[in-house]
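Before any comments, here is the structure.
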């Protein structure tokens, strides 16, 4: 079995990831995916590049815990989380979450739960290069509030 | 611009659909997809084939209304709904919903809303060919209840 | 004239895809059901199923919905797509 | 020995990726913050930011969490991935 978690510099292909989730998996009729990409602006700043730093070891551990919690809460089948690191340009893919389930409700809920917790617990940091120079992004209070809605 | 709704016999490619949703769209950082496939069993029945019938004209109109409602309720960008008709084997794709947004919460909610309403309002019917013969599937009360949660 | 169409299990039970009715004397969907129910025990039973759904000109409607010449009226069981 | 690591804006502000501390006299994460804060005004300010997060052996913990020889203790700002 391929790993559920991948932290990588290289890009990924949505079709390949979904094919792996569906391979030899005729029981799960529902597949929900989330893909996050670099937007061209953030609070009226024209973004050119994002640089993603992470904490090797803790990243994998925190994502594994989030996935394990999702599997306890919902009846889901396979899960894949990919997060890219390094320098990423506008339009490039940053993150992928894929979840399969017999029930679409569980696939939607587990996928959103994993994204919400990834946002506030997984040790990644974004530095933005824009027309206003270079700066570390601030965490959003709305992300913290959104994650707390699951508890 | 390509149509937001496609009712078709032929299969679709997830990657192509997502590429169209993302093309020239650097403002929407979030993409959520739902893919529904033919499962190999349903209430302990071994399914071999599903045959999908629909009501041409009404199908497109009902889906257009559902998409319009989703666009009123959430801040979303592009939407694509594909539903296949005809005979489909186990593992084959039946339905695709793709939604882009600036905000992942809106993309998740709108996508699930569209699927929930498609399930109870769009005129499609499934006939199942299984080891127990051929029969039209019954609608699920749980689907009706799930759709009503949005109102 | 009113065009009436049937789908899925209903179409099979009635062994009928579509039919045409004179529109005078028919002012609601319920009137159509009443007229067609007189055809036989099978039609009576199928069209008076509590879960029967109806649409006029591609919009889902209640049985009290008005109908007029040129309308397309559809009858079908609860939908099961997706 | 306790290995201490810093990430993102914290690493840049302190101009330090990692350092090693003798573990005796250090029983909690707060003790480490206190000892390092004595280094300079910059360290004092950075490590006493209300939003500072800490982890011990890759688990997010409160400042009262115990530390012992062999632990890896990390300090970093609120995370911004995804």
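Residue numbering begins at 1 within each chain, and the chains themselves are lettered A, B, C and D in the order written.
Note that a contact is a pair of C-beta atoms (placed from the backbone, for glycine too) under 8 Å apart; a residue touches a chain by one contact, two chains touch by 3 or more.
Only a predicted model underlies this, so the values are computations on that prediction, with no experimental measurement involved.
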item: Intersection of contact partners for chain B and chain C; value: none
item: Separation of chain A from chain D, taking each centre as the mean of its C-alpha atoms, in whole Å; value: 26
item: Whole-Å separation of chain centres (CA-atom averages), chain A against chain B; value: 23
item: Separation of chain A from chain C, taking each centre as the mean of its C-alpha atoms, in whole Å; value: 48
item: For chain D, residues contacting two or more additional chains; value: none
item: Numbers and ranges of chain A residues touching at least 2 other chains; value: 36, 115
item: Every chain pair in contact, whichever chains are involved; value: A-B, A-D, B-C
item: Complex contact set, residues of chain A against chain B; value: 13-15, 18, 22, 26-41, 90-91, 102, 104-105, 107-108, 111-112, 115, 146
item: Chain D to chain A touching residues, read off their complex; value: 5, 7-9, 12, 51, 55, 58-60, 74, 76-82
item: Complex interface listing, chain B residues touching chain C; value: 36, 52-55, 57-58, 61-62, 83, 94-95, 115, 118-127, 136-139
